[in-house]
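As structure tokens, here come the structures.
One chain, chain A, appears in both complexes that follow, with chain B as partner in the first and chain C in the second.
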Partner chain A sequence: MASFIQLLVSGLATGAIYALIAVGFTLLWQTSQTINFAQGEFVMLPAFFVLGAMNFGAPFWLAALIAIALSVLILGFIFKYLIVDPMLKHGVLPLVISTIALSLFLKESAKDFYSSQAQPFPALVPPIDLHFLGAVISVQSITVLAVAIATVVALHLLLNNTRLGRMMQATAQNPTLARILGVPVARMVLYTFLINGVLVAIASILISPIYLAKFTNGEVLGMAAFLAAIIGGFNQVRGAILGGVILGVLDNLSAAYISSQYRAAFPLIILIVVILWRPQGLLGRAEERTV
Partner chain B sequence: MSRIGAIALAAAVVAALVLPHFLKGYGIYLISMWAVLSIAALGLNLTLGYAGQVSLAQGAFVGIGAYTVSLLLQAGWPFPIAFVAAAIVCFAVGWGLGYPALRVQHHYLAFVTLAFNTLIFLVLRNEEWLTHGIYGISGIMRPVLLGWSTAKPLAFYYFCFGMMTLVAAGLWWMIRSPWGRAFVALRENPIRALSLGLDTRRYTLMAFAIGSSLGGIAGALYAPLVQFIEPNSFALAMSFNLLLMVIVGGSGYFFGPFLGALIAVLLPEWLRVTEGYYLIVYAAAIMAMMVVCPTGLFGLVERAARALRTKRAPPAAAPALQTDRTRP
Partner chain C sequence: MLRLGLCSLAMATAVGLATPGHAQDKTVYMPALLELSGAGAVSGTNFRDGMLLAIEEINAKGGILGHKINTPILDTQSDAGISRGQMQKVLDNNPYIVFGPVFSGSVLVDMLLTQAAEVPEIVGGEAAAITQKGDPYVFRTSFGQQFSMPKIANYIRDGVKAKTVAVLWVNNDFGKGGRDNFVKEMNARNIKVVADISTESGQTDFSADVVKLKGANADAIFVYTNEEESARFLREAKKQGIKAPLIGETTLLGQKVIDLAGGAAEGVKGHVGLSVDAPIPAVQEFGAKFQKRFNYVCDHNGIKGYTAVYFVKHVTEKIGKFDSKAFAKAAHGITITPKDEPGILMEATWDQNGDIDRESFLGQVVDGKQKIVGVLPKLGIK
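What follows is the complex of A and B.
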């Protein structure tokens, strides 16, 4: 029981980070039909921004802010204007190729311009363990969970309780109608890219103390984001959250109780089952088929 | 095919036959790799470009083909039988992978096939009793066919090139047959195809099975070419690379995969002059290329040709055949 609680909490923590990444991923899909195959690398990169800023002598909190700003600028703004916009009108596949190339680009850049070695990354909190019903729970897991939940709640409030958020939702649901009603659709799409920039930066800062900052981190994280987004529902923010949490917990539990060799296989099998049984995802709405 | 196209094709074939004599070992290895990957890309082009079924699992089929051939050769089977077995196994597995395509399309299908690719990779890595896991299989012998040994690099290149030509000829014939028309119908408007009495279910499965078996054939040549296979060669990166070849060359254009494979194989090598940064430059070049010509290089050629034609002919003449992308 104690080990189960331990696994559950650490699984929830990783799952919460996956959820952040998956939420950004679905936001891009909803507003611009961008399947961002570089999302994992987007999470890998801000950690190097933090380390770079700290090399210049910035304290951690300032470096984190700089990383978030850079991430919004480069992974949000520049990504949209330089790569997504010219490709959008040509359908999904050319953009898929572009983002695959972008992931290679970012990975190799981090390797060549920073380091190919895993870099230690400052932890947000001191390494203290709490004891609860015989289980050992690190303060780090709790902090990760708290920050992730706070971020998701903030995003939820923004999307549902502000005029801006409702305009963004309108853009996602029916861009044509939104435009007719006077919503500046292009700007709303841009905002989702900027929000994605913030989300990946936060996820990066949360996960790097655990995984270390390494140029290959994106492979695992990107895959997790896809899986979470699809399992939960491609067109729903709460679907992506559910998917991320399921994935994190399942990953931990299956590695411990079933087979560590095939731990990577369980999410994939769930993915295939979900797609075949409920293509729109667990919480998703059915999309209309295009003829 | 236009006269210019025929001349260009003839020149390309002559170059492919003569050029290797002037190349050293590594150069011959690279163009052999080009021939092998072209076969896999041709298969993917059939599934994706003609039949419109997105697949991110072609690399897995190259892997299944390569492992089938290597394991059968190790068990002492002759190469031709192992080769055919690889194609048949991939045909069967590809047929099975076609079933999800009956239920979901587009990006969902992309994700199912992506998951399938990773599952195959995990099986190749973890089932050590069969595949030797991460240690891979080494010492794969190149075949002796009717007394002709292909052990030398140049001989093996001609063998690969011959197989590529055979596959391409078969595919060329198929695309012009009613089957090819049916595949295109599947891509352009499945509902109309169904209402015209086309068994879309069977053709969808066929598109996957045939495309996959070409992946298997490529794998069956890949193994004796590299003479060492391991699971990592057939992970997602391989599938992405094959997809890139098809899209960069021009998806739905018959000769697109050849050009795409040439770029994907040679460009990184040429960029080696940029030292450690060659992959960065390569990735940037691909992104730039996609911005300039999202329909691939053959799309660009077609656009240029059309611009020339409309300049020469009166503007009303052209549009009737423009949507027929099956013509190279």
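What follows is the complex of A and C.
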């Protein structure tokens, strides 16, 4: 029982981080049909912004804020205007290929300009343990979980309880109608890119103490978030959250109770089952297209 | 006429560049294939920097037999397939010696090519299988697992006094070879292996593995993974409050692992094949030079790279020519002392299989640094 609780908490913490990244995926898809295959590298990069700022003498909290600001600027604003806008005019496929190229560029740049070696990354809280029903639960895991939940709740409140959020939802559901009703669609799309910049930066700050900061981190994270988004439903934010949590928890439980050698295969098995049983994802809605 | 002259000059330059081993340009071509990115980046970078330091020193004193060392360094990306392609590429240029790789999986693939080309390969790999294939052209720069595991097994029996042990290993050639030798040595000493956990190269999340280890309730836990995975494991072990002593073989006590683990490596113990903290003045002096030159603490792979170059220098000067076959013949059974060649740092012997024998150490991580607590003598192989 104690082992199960430990695995559950640890899996929830990792899953919550996957969820943050997957939410960014779905937001970009819903508002601008952008499938961002550089999303994993978007999570890898802010960790190096933090380390870079700390190298210049900034304390961790300030470095984290600088990283979030740089992430919003570079991975939100510049990404949209320099890559998405020019490529989207030519269809989804050229944009997908562009984001794949961008992922390679970001990965190699981090390697060349910082280091090919993993770098230690400071944790948000010191390594203190809590004892609960015989299980040793790390305060770090609880903190990761709490920050991720707080971020998702804040996003939920923004999208559902504010005028801005409703305009963003209208843009996602029917941009033509939203435009007729006076919603500044282009600005709403930009906001989703900026929100994605914040989400990936937070995910980066949460995951890097566990993964260490390394230029290859995006490969694992991008794949996990992509799978989470498909499992949960690519067109629903809540689906992405559910997908992320399922992936994180099942990955941990399957590695501990079934086989650690085949742990990489379990998310793919889940993906296949979901696609066969419910192609739109667990919480996704079916979309029909006509020609 | 001018055009003809320029063409001739260009052709002469091209020929000169394409035949780097020729004596007229007074360089000797000894390329290196190393893990500069990917899972082995820590090992490869240390090995490279150790080599560079030795090459700078030797070239500053006129080189080997009057030839400056020319060592282009190619990145294997820690991938055996890429490594093999690059090995073929450098062999096409007729090298005298090839340095690297460090990853055993890459070495096991590459050594088939160097053996066919009859070019000695000075490797950093530690998998036992490397020197058990009868290849007369492969030479180690550190202990093979068949020599290091008995030492660690004795330490677990006599030092830790463990009756049960859990082993966590990385599922690649290095890890599998180490795990097999370790389990064999445990069985030979009647120490029960109560958990046998394989992990993946490049693995990032060790929470499930640590839970399994805790459940095994072993007297000691032996960890045999590469640098970055070792650090991630140690962080998770600390997070989950593992109480059993964590024992490693060289890598787990390396300074890079200690730095990456950020305090979680405190108290880790084990056998250390090579260390800049060894109580040997020449080694400590090398460690200080390395840190001054590259601004980080050298690990065992840095010492491997440094001594590899001096090993080549000494044997070459002994045979008096750049002859790959003669080198391989002369290097088997040779013993080099610091008196003969100061750059070798510690007395070392290479046996008929290309395995190395020298003193080694028992270490412990104290206050964020590796502390040597004991010296183990040479095994006395011939």
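In this section, the second predicted complex is superposed on the first by the 290 of 291 C-alpha atoms of A that agree within 3 Å, B and C clash if a C-alpha of one lies under 4 Å from a C-alpha of the other, contacts with A are read in each partner's own complex, and residues count from 1 in each chain.
The working rule: a residue touches a chain if its C-beta (ideal position, glycine included) is under 8 Å from a C-beta of that chain, and two chains touch if they have at least 3 such contacts.
Keep in mind that what you see is a predicted model, and the values were worked out from it rather than measured.
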item	value
Fit or clash - chain C, chain B, common chain A	fit
Which of chain B and chain C A:Pro209 touches, first, second, both or neither	second
Contacts of A:Gln261 with chain B and chain C, given as first, second, both or neither	both
Chain B versus chain C as contact partner of A:Ser141, first or second or both or neither	second
Chain B versus chain C as contact partner of A:Pro279, first or second or both or neither	first
Following superposition on chain A: angle at chain A, chain B versus chain C, Cα, nearest 10°	70
First (chain B), second (chain C), both or neither touched by A:Thr171	neither
Per-pair minimum CA distance [chain C against chain B, superposed on A] in Å	6
Footprint overlap on chain A, where chain B in one structure and chain C in the other make contact	261, 264
Footprint of chain B on chain A - complex, ascending	35, 83, 86-87, 90-98, 100-102, 104-105, 108-109, 112, 223, 226-227, 230, 234, 261-262, 264-265, 268-269, 271-272, 275-276, 279, 289, 291
Touching residues on chain C, where the partner in the complex is chain A	36-38, 41-42, 45, 171, 197-200, 202, 204-205, 207-209, 211-212, 214-215, 228, 231-232, 235-236, 238-241, 256, 259-264
Chain A contact footprint on chain B (complex, rising order)	54, 100, 103-108, 110-112, 114-116, 118-119, 122, 126, 189, 191, 240, 243-244, 247-248, 251, 276-277, 279-280, 282-284, 286-287, 290-291, 294-295
Chain A - residues contacting chain C, complex	3, 6-7, 10-11, 14, 111, 116-120, 122-123, 127, 129, 136, 138, 140-141, 209-212, 214-217, 220, 251-253, 255-256, 260-261, 263-264
